[in-house]
Every structure is written in C-alpha cells, then in structure tokens.
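Next come two complexes, and both contain subunit A; in the first it sits with subunit B, in the second with subunit C.
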Partner chain A sequence: MSANAAPITATDSLSQALKANIIPNQEYLLQGSVLDSAVEVLLHRLRGLCDNVDAGPETFDDQEVCFSLRDPNHHQAPPLMLRVRKALDARDMPFQLRYIGQPDLGDKNRPTVVRSSLDIACSGMLIEFLNELGCRIEFEYSVKGYMFRKGRMKITVAKVFKISQNSMPPEPISQSYLVELSVLAPQGQDAIGEDMRAFADQLRPLVQLDKIDYKRLGHMSVS
Partner chain B sequence: MANSVNISIEAPIENQIQEITYDGQEIYQAPLSMSENLARLAQKIDFSKTEDEFCNIKKEGESSSDTKSDEDNKDQSYQSSLWPWDSVRNKLRSALTEVSVLADVLNIAKEKRYMVLDPVQPEKVESRPMVQVYGRKKALSAAAAVLQAGMERLRASETMRMARNMPDFHIDLLRLRQNWRLKKVSNTIIGDLSYRTAGSKFSQTGVFEVTKAPEEQIAQAMSMNTGGPPPSALRVTVPPELQGVAFISVLCQKEQEEVVTATLSASALSCTAGEGELHWQQRLEAAQNVLFCKELFARLAAEAVQLDASIPHMVVGNQIMATVLPGIQLLIGLCHNNGQTNANANVEGVKTEGSSSSGKSDHDHVLEHSLHQLLRAVHHANTHHPFPHPATGPLGPSKRRCLAGPMAADRYELLDMSKEQSLLEQIIQQAQHFFMRRRSEYVLDTIAKEVKDPLIVSHWNALNSPTQSCVKINIMAHGYDAVCRTSLVVHVGEKTLKCICRDGKVRHLSYELQELRDLIYCQIYQHQMTAVQAVGRCMGWQLLASSAHLGSGPVEPLGNASSCLLASPNGDRMIAIRCEPSVGIQVFIAQSPRKDFFSSELVQDKKWENLGGAFKEIKLDKMEGKNFLNKMELLMACLSSPS
Partner chain C sequence: MSDRSCYVCVKHLGCHFCSRLWDRRERASGGFALHTRTANSIRYSLQQYPVPENKTGTYVVELLTKRILALGATQQGQFLVDCESYLSHPLMGTTKTVHILHNSEQPASVFSILESGTKNIHVIADGLFDLLMMKLSQHYTSKKQTKIESKGPRFELGDFCVKLGSVTMNQNFKGILIEVEYRPCVMANAVWGLLREFLQGLLGPTVPVQPPQHLISRMNEIYTPIDTIYQYLEHFSAYRKTTGMRTT
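== the complex of A and B ==
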C-alpha cells in the first residue's frame, strides 16, 4: 500500500472544477401559464411525455423568501437579490440559497432565456445569518404543484400562493398555474436550448412556453 | 378585503449588464454619450427602403446598382468605422441627385412642349374557359384512377379473407402493438424489444421486423392443425443472435480441480423446432429474455475481470467461476440454445460429462432469480433519479449528497457515497449467506439429534434478507421449561455469525462449523448448571456455593468446568455437582452427621460427627428419572427428610 500523496486542497479542486467548466451555474428557462380549468389536460400530456411513467407525478410544496442586500456606500447601485427556498413537504432536506442573475441579453435568436443561477444547500440557520449580514425581506410566497423530468429537463406546473399572516389557508394570487421548463447546465452548452424548444413545441397548443422578458411584461399582449 | 397595498413603480435598469462577477456584483455598460447615440441612430437608417417607396418607375438595373452600393457602403462602414457619417453623406448625395433629376423631368413634362405624359391602357388578357375545364377534368380523372386502384385491391383482399376465414393482418398488428413498441420506417415495420426504455444501457439492440405471413403458409398451417388456434397473419423476424432460448445457470459446488467443468446437458433446454409454429408473443418474449441474459452475463463477466478479489475470479468462455468460501465455488454460466439445427450440436462451448448429471437439477433457481432482480434494480436506478426538494434544485444528487454540504461531510464520506457494490459482489454475498445458513441449520439439527437431555429448539425468523438471517435457540428440559430456559440469538451473516447470549455477551464466530458447535455445547452445560440451581430453589434447597469457571481438576479441552453446592432445607444433606462439557455431569452427595464416625484417640468427642461426611458419587445413569433435572429433583426429594 503506497502512502497517500499530499491531499488536494479544497481551493485546488475548486479551481480545477472551474477550469473544467463542470459547475452548473447557468439556467436555461422557458415559462408559460395555463388556466385552472385547463391544467388537468396538461398534466395528462406531461405524464405521457415525460420519464417515469409508472410513478405518479411528484408533488412539491415550497416556500420562498426573497432578500435584498444593499450596499450602504453606493445607494444608486441596484441591490443584490437572494432567494431562500425551503421544502415544506420534505423537512429534512436542506434550505436552498439561490442567486439568479439578469437574463443574458445576447442573441435575440436564442431559443430560451439564459441566466446565471447559483444554488447552495444550507442549514436552517440561514435566515438568521442573512439578517445578520444586513439583508432585508423583500417578499415571500409559497408554491405548490407538480414536477416532471425528461432527461435533463425539469418541468414544473405550480400554483403561487400568498402567505397569509394568521393560520388561514394560503390564497392563490391568480386563477392559473405557472409552467416552467428549465435546465441547470454549465456555461457554453447551448445545444440544450434547441432540445428545450423542441419539447416546448410538443406541448402546444395546451401551453405556450416562451422567453419572458420581464422588462417588457407590461407591454405584452394577452393572447 | 379593503387592504391597501403600496405599489411602487420604478423604471427598470436601463444599462445593459456587461458582466457578472462570481461574488454577485453586476458591472454595467456605461451609457452612450449624445454624439455616440446620434451616430448609432444614423447608422440604423436604411436608405434602400425609403427609395423603393417613393419611386415606382425604378428600373431593375438601377435597383441592383443600389443594392451593390449598399453593400459597398456596408463594407465601407466596417472599414471606416471612425467616421460613421460617410455613408450618410453618400446616401444623401445620391438622394439629392435623384430628386433633382425627378424635378427636372416633372418641369419638362409640365411645359408640354418637349415631353407629354399620356395614360396607357393595360393589355387585355384573353380568357379561355374550355382549356381550364379540360385541364381540371384530366387531373380529376387521374386522381380517381389512383383511388379506384387502391379500392379494388382492398376489396379483393377483403373478399378473399372473408371467403377463406383467414386471420386479419391488421387485428393481429393491433394486438402486437398493444404489447410491443412498433415503428414504421419507410416500407417496413420495425419493433424494439430491448430494455432501453426501462433503463438498460446495453449496447446490443433488440430490433425485430414485422412482415405479413405468406398466404400459402397460413393455409398450410390451418389445414394441418384444424383443432388448434388459428395461426397469425404476422411473421416476426428476430435477429439471429437473439433467437432461441437462454437462461443463466447458477451453481454452488465444492471446488473441483478441472478448470472447465461441464454442467449443462443439452436436453436441459427445451426448444420447439421450426419458426412458424411458435406464436409471435412467445418468440418475442424468448428473444427479450435472451437479450436480458446476455446483458446480465456481460455485466458479470466485466465485473469479474475488473474486481480485485483475494482469489481472483475466472472467466472461461460462457462461465464465470468465483470462490465464495474456502472450498466452495460459484459457477455462473450463460446457456443459450439457438435451436436452429438440432439441439445437441449447438450448445456453445460445453462438453457433457457422464458423471456430472447434475445439470439443471442442481441449478439454483433462487440465486438466478436474485440475479435477475439485481439487474432490474440497476435499470430502475438508472431511470428513477430522486427529484429535488425544494423544486428549484439541480436534478440528480441523492438526498445524502444534498445533505453533505450543510452537514459538512468530509472527503472520505463523499468518496464512500460514490462507491457502489457490483452485481458480482452482491451475488457472491448472497451465495455466502446461503451457505452459512445451510451450515448453521445443519449444526443445529445435528446437535438437536444428538443431545436429548435438554431439548434444543431453534426458531428461524420468517422475515430475513438475502444476506442476513436470524435464529433463536431455546435450551430447556422436558417438563422444566417454566423453571429454567436458556436462550440465545444467532445472527447469520455472509461470512460470520453473531451470537448474543442472555447474559448480554456478544460473540462473533467465523464460518467454521466447529465454533458454533462448541458454543452450543458450552451453553447446554451452563444451562444444566443454572437449571439445577433453579430446581433446588423450588425444592427449598439452599445454594451454598457455585462457580462458573472452576480452577480445580484437570484442564478442560472445551470451556471450563462449573460446579455448585446445595444444602438441604434442614441442613443435613449436601449435593455437589460438577459439570464439564467434555466429560459430562458428576453428582456427589454427603450427609451431615457422619455415619462412619468412630471416636479415636485423636478425635474423641462425639460432636465431631456433625462436621459432615465424605462425598460419594452417584451413578446418574442408574437413577430413575426422565432427564437430568428430573433425576436431581427426585434426588432432592428423597434426601429432604421431614424434621
């Protein structure tokens, strides 16, 4: 048994991982919505298209709190938005701290929205830690729905609820479900966008998944 | 209901993000200055569009020259990007030229002296309705001819089918489609019988072709078996390497000297000859089984070569040999009978021996089933990855992996998470456990047969796993099970046994039979000793002394001798018991006023007779009593005298 060589330090392995471009820090995203009356049909279609037909669709129930961190020296700079998400139906899973960047406004012909996304699993002390750092709560909401997967792609059909203060049941903010098709991948894997677009085309006309530009949300026509 | 909500409106970020650093800071592009903005807008003006709208009388030559000049301008703008106004100036100049020319022409035409503008009638198009009618009629008749030809064919096949009552191709195809995945590729119908959608990553494809069975064959088959079920109108063609029947034979046997031992007799595999007789369902299922067995054997063979065991595994032809326990071998073989020619000739690479008539009878169906289950579990794990909770997490990492971060797992824990046991290791473990269990059963059964005095009762747990079983052993005497009972639990693992005795001691034994046997014998004699003390308590006898590990007497080959001393209720009798696992039990009695006391010169007083006499041995085998405890009870009964 040969003696072990000097163990690789954590920073070395991290820089190797960065160079090899294996850290999935980009999210490719397509979004759409369906009315409550039409969601059953969509779920049936997704059950047929997606993997794992034998098991039923996976449900999830999450709560998300969004924090903002402002730089006290530069008041004009936009604040850093951080999201903390916890699973209400799986209490033993860790909290998730998420940073989502602005969408990459590169190519207009890109089939999906590409934005930087970093997910970190954290222990339960996260919220106190962020409060100590100086973050303030911007908003919070809860999401409940179904999750499907096809290969690397993840499709969620979920309803967004407002969190009520007292122990009343949460009320939905709209009569519709939000449908999201997303893939977490390292940089440079743009071919996945074509696969996502092809899959989204299979879901037409039940739901239209598109790139949503948040800045122009007010000008979008309701069709 | 009337909650007022504050709405804040702010303009979105105007500047584009140039870069996001890894600590989350966003660097914005500097906004353009006024002149830069104007230059950018000026470059966007597309002069060619505005020209086409205004001048309808453009000739094609001029428009092409315009496009050429556009391209030149574009080239120029790439080269002389320092001055963007160059293209604008050129465009404006050419526009000015055009407008001046137009103004001149209009002025000259207005004077009506040298140029006049006259309206021109467009030419009339001659209408020929009859030609159109004839054209359409011809096209429609061609289409009708195609449709009619198809209809004639269908009608002919339908009448023929109804007349002869032959099986319908389409109904059969529908039934086939309900069970198997079919696809139409150009003119042929192709099906897939592999386990790929169930999670298999095997490279061999299972593609089969579906064709229509020729009518003569159907008619022949129908005339041959009139009483049986009608033949199907389909014929499925399975790739030649998947034809026939196959199974994986698993044998555990004592180690043999020859490297290759024949285990399969050709008659063990039954395969009906002839292609046409087997229904397509059976044929496809058999082919799928062949593919599954091939994948399983390929995986096991690859693992056998790669694994680093203390005694290396051997792969010879279609057999894998692995050593399970010292002296015991596990033979896994792939038996595939192609069934093309006669069955005897085609058994691959195996010669039959006269002595090894074991063949299929020794083949372990349980282990074969375990192998199938293990491979199916691998397939299942390939497709069913855990979903992330919360929903925005990455797909893929297991729950342990997700918790590794917050729970600060170190490098070794992470490496452990990524290791997984191979199929061969798992099946070897199961075979080892099977042997351990059989051996333990054999030991317990033999001891139960040999030792009649305390009864050895063993209860095997009904629930067990392929690698662990449990047995509870009760040692008790007949008739005295409420008085004293010794129990112990033995956990049978893969290569070791774990014994937990009632006093809390845990002993780990190896795979040698003798250790378990010795332990049970020691327990038996301990039981006898404790039982005797319990019986004495019941009878009112007092325990004067006991020792579990006696240091006197000859050295015991097995365990230690134990002894105890009991006194009768009124103290005049004593019983001494010595128990040795290898020799047996010896009982001595003594009585307190000595019968053989005679006063002599040394000891004169009569009171010394109360000191108690010498111990005399009892012949236990001559005593009455069903078992040892019964004998002791009777002994105590007759020695207790009323006083």
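== the complex of A and C ==
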C-alpha cells in the first residue's frame, strides 16, 4: 500500500478485527472468597505462584458505579448493565467503562463462567454522559486490594466497601475478601478455562474458586 | 513493547509519558491505555473553502494542492475524519443524538459527543466504544444515510500541518474543509493572529476575522484533540443541511 493511500475507516478496521477474531470480548471467570483471618496465607501463596511480584504485589483502590439501561421496546427484558470504574489512588488515570453480558448458559460442564465483556478506557465526562444517555445508577461500591498476574490470567484479592456519604472511613460489607480469577480473550478460546481450573486447584484449600450461579444470588434479599 | 499507539502522540508506546501510564493501566485492567493530554497538544483551525459555481471540488483541491506545494510543503499521507450519528428511541423521552467521530490523527481513539437540548457532553474512549454502540442498537439507532466524512491529502510545512478535506455524505460531495494546525502552541489566544495570517497567505481574503465558534469561549484554555472534533462536528452539522454539489 502506498504511503499516500487513503486511511482505512475505523469501522472497517473494527470489522476486520472482529472477522479475524482478535478482539478480547469474552471474559472467563472464577470467583471465591477468603476470610480476613486467612487472607495473608493466600497472598503469600499467590506471591509464590504469580509473575508481577518483584516489588511486592500490586495494590489498587477503585470505586465502581453500576448503571442500567432499560430496553424501551421490551420492559420485561433484562436491562443492559454498564459499569464505570475509577482509580481512587491514581486520579489522572482514565475511567474504565465495562459492558458485561449475561453468562453463557450453553455447556454446564464448562470449567468457568463465560460472558461477553467489553473493557473500554474513557476520559471526559463519562458519568454525566451515561446519565444523559438514559442510564440509571443501580449501586456503587469501592474495592481495595491486590492484583496478581499469571500469564494471561488476572487474580484479584480485594475487599468491598460501602461508599461513605460523609468523611467517615468506608465500611466493609463483609469480613472476607473477594477473590476473582479472570481472563479476557477473543471468542472461542475455551482451552483457557482448563488452564484457569488448573491454576485454581493450586490455590486449594486456601480458597475455593468456582462458577457462581448468579440466578440464585438474584433471589437473595439485599439489605 | 506493545504495538498499540497512544492517541495523543500517535507513536508506539515508547515515549516516557505513554509508557508510564500504559504500564500501570495495562497491569490493572489488561485493556487499552488512554491518557488525556501531554504538554505537546496542538492547535487547529478549521475553515470551509467555497467552491465557485462553475468549478468542481476536485478542481479546487488540485488548485490548493498546487498552492501549498509551491509554498514548499511536502505531502505526508492522507487523513480521514468521519462522523456517524445515533438518535435516541422515541420511547426514551426527549430526543437525544450521539455523534461518534473518528480522526486518523488519533487512530486508537473514538470521540463521542452527546447532544441533549442545549448542552453537549463528550467522552473520549478507545476503539471498542464502537462495539458498545452496536450493543445499544435498541436504544440508539444509527442514521446511516447521514454518515459524513472529510478525507484528503495531508501536508507538512515547517511547524504547520495543512489538510485539504473533501466532504462527502453518502457518496454525495458536499464541500471542502481545510484544517490548519500550528504544532508548537497549545493556546488559541497566543496563535490565532499567526494562524489567520498563514491562512490568508494560502486562501486569500476569505478567512474570517473571528476564530471558530467553538473556540471563542476557550481562547485561554489548553487546546486538546476534542476541540478539533467539536469544530468538525459544527461543520458536518451545517453540511448535512445542504444539498450535494458536483465533484468532477
């Protein structure tokens, strides 16, 4: 192609990427939890197994706001969920806008939850934008903890807090840490699930990482 | 080193600022890095150039190309700025429009401007934002027949960068948009006089005295790529209301 050829449009470029299946739009996920009293042992184990621990495990302190957007044609259909995450310990970093689809219920023997997921870095007035778009805030929380990497896998061990309205320190919602093992990859790479399961087995019995049935959680009362 | 490019300097992520932010963000999310701006932001002016009655768009672009090459500029590829607009579903209440723009100068970015009544809210995101708009198709529908773009050669002349854009909508030629960028300066107030002088030398006396509408209230603020996009949107909206012209 000559240097003076017309540039390819962004839409065409995206279509090509979709056809070539190189866009990481699928999340493979396992979740579990560990009590506060046992988290240090888990962190120690992860330090031994993971890659990014030269200068100690990486910490993060994020706030996440969850929005929903109802389908105007079908009020009974589940709303579209969007999540906005911002780093409280690095204010100049972009926001992360995340679309998460419903978990794929296809194969019950799959080792992990599989759901469509788009991670989009954003700057600008994202919260106002989503409000004007017609989204409604469902809930928000802050999450603080540690992030580990093992190849393509990301492991987070973090505590979830309620957002405090005044200057009081944030209140944790439980006496445990949420542990998540996830990989973001293009569609059709189901072998990743097996690698994740093998890694999760190395963390037993400190933490039991499993597929969560979100439908069962949806029926529990929320205080 | 990743081969993804930073949307501000459009280089591989090797500059100090980019690699610091990329490294931190890539570890946390595994996704794209996008940072707001560096001190090397650049300054644009966007002008329509009238096509005389008995002439065509192609003739005018060729004429301006000869002029700019005669000044000593060299062509450095082509550029493309495009805009697709999405209208909110009638059942969602007051009509809102989401304009999605892309600029080949920032290939890793998608610019989104939401028009709601009198206010405009913008978001700058990475390339996957286009995929999100597809997920929102029940709520916001694309008006494909009004997709509009400005495309053409790009020239560099010292500290200036000049782009001669032919504006087309649905294959119909609409007019010529000239974009001039003065790279060293980040504030409109400090450079509008110089830019106007350069434009007059290139285009003659048709250059307006006043800066572009979008910049008038922002003359003392740091210029960023979204300011260019607002200017393009202003012109594209005007072009959408006009009928097409002859191109050849």
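Everything below uses one rule, namely that the second predicted complex is superposed on the first by the 206 of 223 C-alpha atoms of A that agree within 3 Å, B and C clash if a C-alpha of one lies under 4 Å from a C-alpha of the other, contacts with A are read in each partner's own complex, and residues count from 1 in each chain.
Here, contacts are C-beta pairs under 8 Å (C-beta built on N, C-alpha and C of every residue); 3 or more make two chains touch, one makes a residue touch a chain.
These figures come from a predicted structure and were not determined experimentally.
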Q: Scan A:120 for contacts with subunit B and subunit C and give back first, second, both or neither.
A: both
Q: Give one of first, second, both or neither to describe whether A:55 is in contact with subunit B, with subunit C, with both, or with none.
A: first
Q. After lining up the shared chain so the two structures overlap, which partner does A:128 touch, if you call subunit B first and subunit C second: first, second, both or neither?
A. second
Q) Just subunit B (first), just subunit C (second), both, or neither: which does A:89 touch? A) first
Q) Touching A:78, do we find subunit B (first), subunit C (second), both, or neither? A) first
Q) Counting only touches as set out at the top, which of subunit B and subunit C does A:154 meet: first, second, both, neither? A) both
Q. Looking at the overlay, does A:7 come into contact with subunit B only (first), subunit C only (second), both, or neither?
A. both
Q: Would you check which partner chain A:178 touches, where first means subunit B only, second means subunit C only, and both and neither mean what they say?
A: neither
Q: Identify the partner contact of A:102: answer first if only subunit B is touched, second if only subunit C is, both if each is, neither if none is.
A: first
Q: Touching subunit B in one complex and subunit C in the other: list those residues of subunit A.
A: 7, 24, 52, 58, 60, 80, 87, 90, 92-94, 96, 99, 119-123, 147, 149, 154, 184
(Q) List the residues on subunit C that touch subunit A in their complex, please. (A) 21, 24-25, 27-36, 75, 77-80, 82, 84, 88-93, 96, 98, 102, 104, 107, 110, 112, 114, 116, 119, 121-132, 135-136, 138-140, 149, 151, 153, 226
Q: Would you pull the subunit A residues touching subunit C in the complex into a rising list?
A: 3-7, 9-11, 13-14, 23-25, 52, 58, 60, 69, 71-73, 80, 87, 90, 92-94, 96-97, 99, 118-126, 128-129, 132-134, 147, 149, 154, 184
Q | Residue ranges of subunit A touching subunit B (in the complex, touch as defined) | A | 7, 24, 51-52, 55, 58, 60, 62, 64, 78, 80, 85-87, 89-90, 92-96, 98-99, 101-102, 105, 116, 119-123, 143, 145, 147, 149, 152, 154, 156, 158, 184, 214-215
Q: Sort out for me which residues of subunit B touch subunit A in the complex.
A: 12-13, 16-17, 20, 24-26, 383-385, 387-395, 399, 402-403, 405-407, 411
